[in-house]
Amino acid sequence: MTGQATGRTTGQAIKSIVLETRLSGALLLLFLIILWEVLPRSGIIYARYFPAFSTVMGALLEGIRSGEILKQTAISIYRAFCGYFLAIIIGVTLGTLTGTIRWVSDLLDITVELLRPMPSVALVPIAILLFGTSNSYNISIITFGCTWPIFVNTFEGTRSVDTQWIDTARIYGATRFDLLRKVVVPAALPYIVSGLRVSLATSIIIVTVTEMLASFKGLGFFIMDTYNGYRIPQMYSGIITIGLVGYGLNWLFMKAEGRLMAWHKGWMAKSV
Amino acid sequence: MPGPTLLRAEQLRRTYIRGESEIAACANITFSVNKGEFVCIVGPSGCGKTTMLKCMCHLLKPTAGKVFVNEKEIDRPPKEMILIFQDYSRSLFPWRTVLKNVLFVLEKKRLSRKERLDIARSALSAVYLSGFENHYPWELSGGMQQRVAIARGIAFNPDILLMDEPFASVDAQTRSDLEDAILEIWSKFSQTILLVTHDIEEAIYLADRVLVLSGRPSEIREEIQIDLERPRNQLTTKEDKRFIEYRHHIYTLIREEGQKCEIAGI
Amino acid sequence: MKEFLSTKAKGICFLLFLAFLWEIVSRNKLISPLYFPPISKDLVAFYQLMLDGTLPLEVIRSLGRIFGGFFLAVVVMIPLGILMGLFKPIYNLFEPLTELLRPLPPPAIIPVVMLFLGIGEAMKILVIAFACSFPILINTMDGVRSVEPTLVDTAKTFGRNRYEVILQVILPASLHQIFTGWRVALPIALIVDIIAEMVGALNGIGRFILLMQRRFDIPEMYAGIFLVAIVGYALNALLRYLNRTLIGWHKAKFEAVI
């Protein structure tokens, strides 16, 4: 009788763990890592191409200790940020202008429609011609690629500002500049922020790619360099580092967004 | 008792083009509001009341006609006149707290920071919202949000408040509370108020004078002086024999106009 | 219609102005004509390469890879996304793994895949599929999870079994979100294809552009870039067309904006 009762509660506990928590997912990760360790060691996967997890981690720690990985990471982040900030300035300015002034959007409409679907990496050869392998080469491509999500979101955001907010501000004597600063931009900010989030991820991708194609510094270069030099554990450690950088930056962004955009979350939750 | 003329609309007309034809939202609106007066405009629904109000404060350019405030013709939204919208959720800024929403209207005035805060706080306390300064508007109930919008209006200290169906989006109980609140503000601040509504009882209950609009294109059909004692009371005023007579009269007028609209197929 | 023409006219004039500027600046050597040959020369190169079949061949190869990888991702990730959206245990099982892999820039795995598969078609298709997987998976999952429960209950009340509910209610209701995933993924497929071809390939439009740059055949390089722009534009137009025809609300929304 009691046994049955305990059995049921244990069963319920397992059920609730499976349903409510991501323990199973964590176990899957653990299992994959164990496979990553065991398969190369046992020779089932060719260990030269796919070294064991511990070997890769060893290379990562060594890279951090010697400072090489940190140096390359710093260079990549620096380039990504330069391009990202330029993209913010260009994207927000252009997006606001096209979103609020009719003739600007008429003028740029077709050019934007032609340029926007253009994959940024296709411009790599031009940038190499212009800038060689200097930082400007990476930054120009990053700027091009990151501008579009910010531009499009800013445009959408300024377009979707409720006309009644504008009317309200006009009644209280707001000038055109007041409207922009106090109504249009704050109201469009949730859109702009989601463009910024997309662009942040894009900037990491593009910095990696441009460094893989033509650079002598940075994480992307490090990956291609170790690949060509057949230092495979180091190559994997570089890939893991890029993943960590992407994850970390996104995490920071979400934290900042949660704090700055709290009003929007609450408002959306209320209006649904 | 009525003061000098504060607001005057002359032959106000606004049309818009739909396809080939020109449709008039309002045509030939002429009336005036005196200082200290509480005037209500009632009309059948969909007769262009909001368009008329927006023309009055030049948010929309009138197709023809003139609006005078203090006998001065206006050509842009005038500082002396504030419009409060029906839809508070779309006129309060969701990214600003209640206090900052009120402060918004004071930012253009030459005042010290402390004076601004004092004005904003006293405006909020006039609508019984002290203690909610740091809430966001969307955290409050509908009635409270509309009171924030009203507080914002009085904090700006205009000569005249225009209100566009300000109580249409709240429930009946809140509505009568808000009606009394606006009457209290009107007498406390000796405000001048022009309020547009489709609710006949509300118009009679609040106003010194009721203007009845015709259906589209709307014109002032009739002007009715409301002869009821103040302060007014939700029960006794609405049970007054004269109140019922006014209601009967205006209701008949509006019914006729509504039917005209239907026949015209609008 | 008249107004439509006049607004388009401004845009076209601006574009022509930019082209004209390019021509003038290059002809007067304000920017090195070595790097920026006059646009007329680039267009001539484009015309010739299109005519002799070089560019069409390269682009067909690239498009094959793009759609190959894209459809591989669709075939695997849409069922997985539906399962993850419907069943909490499956969601819990796979969510940590996707969260971990998602921030990884897809091009970073190119060297890994090259180790195993070399620089052939399989490498590119796999990398493209990897890159397309996340937008498709996440949007499918979100779409399925955000289906109004009342709709499901209604269908159940009318005696639909589980499979019918999935096919007749959940899929149609989440279709526009699933399509959003496609819209994000297809441009990514194009980008990743070009990257993969630049890093390691024997042909394809990405490889062509880089090769022309290295051989200093600059007008030919621009011709390749023009073609990439056209492909990007065409894919975008295709998506917009599909969006309009598959999901009717877009039109209504579009009209509301005007």
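Letters A, B and C mark the chains as written, and numbering starts fresh at 1 in each.
Quick note on the criterion: contacts are C-beta pairs under 8 Å (C-beta built on N, C-alpha and C of every residue); 3 or more make two chains touch, one makes a residue touch a chain.
Keep in mind the model is a prediction, meaning the values are calculated, not measured.
Counted as hops between touching chains, the shortest connection from subunit B to subunit C is 2. Of all chains shown, the one whose average CA position lies nearest the global CA mean is A. Taking A-B and A-C together, the pair of chains sharing more C-beta contacts is A-C. Chain centres were defined as the mean of their Cα atoms; on that basis the chain farthest from subunit C turns out to be B.
Separation between the centroids of subunit B and subunit C, computed from CA atoms only, is 52 Å. Taking the mean of the C-alpha atoms as each chain's centre, subunit A and subunit B sit 49 Å apart.
As a whole-number value, the distance joining the C-alpha centres of subunit A and subunit C reads 18 Å.
The set of subunit B residues touching two or more other chains is empty. Put simply, subunit B touches subunit A in their complex at residues 54, 57, 59, 77, 79, 81-83, 85, 87, 89-91, 93-96, 104-105, 107-108, 136, 138-139, 152, 156.
Here subunit C touches subunit A in the complex through residues 7-8, 10-12, 14-15, 18, 35, 88-89, 92-97, 100-101, 103-112, 114-116, 187, 190-191, 194-195, 198-199, 206, 209-210, 212-213, 218, 221, 224-225, 228-229, 232-233, 235-236, 257, going by the rule given at the top.
Residues 162, 164-165, 167-174, 178, 182-183, 186-187, 189, 263-264, 266-267, 270-271 of subunit A are the ones touching subunit B in the complex. Chain contact summary for the complex, subunit A toward subunit C: residues 18-19, 21-26, 28-29, 32, 49-50, 103, 106-111, 113-126, 128-130, 159, 201, 204-205, 208-209, 212-213, 220, 223-224, 227, 232, 235-236, 238-239, 242-243, 246-247, 250.
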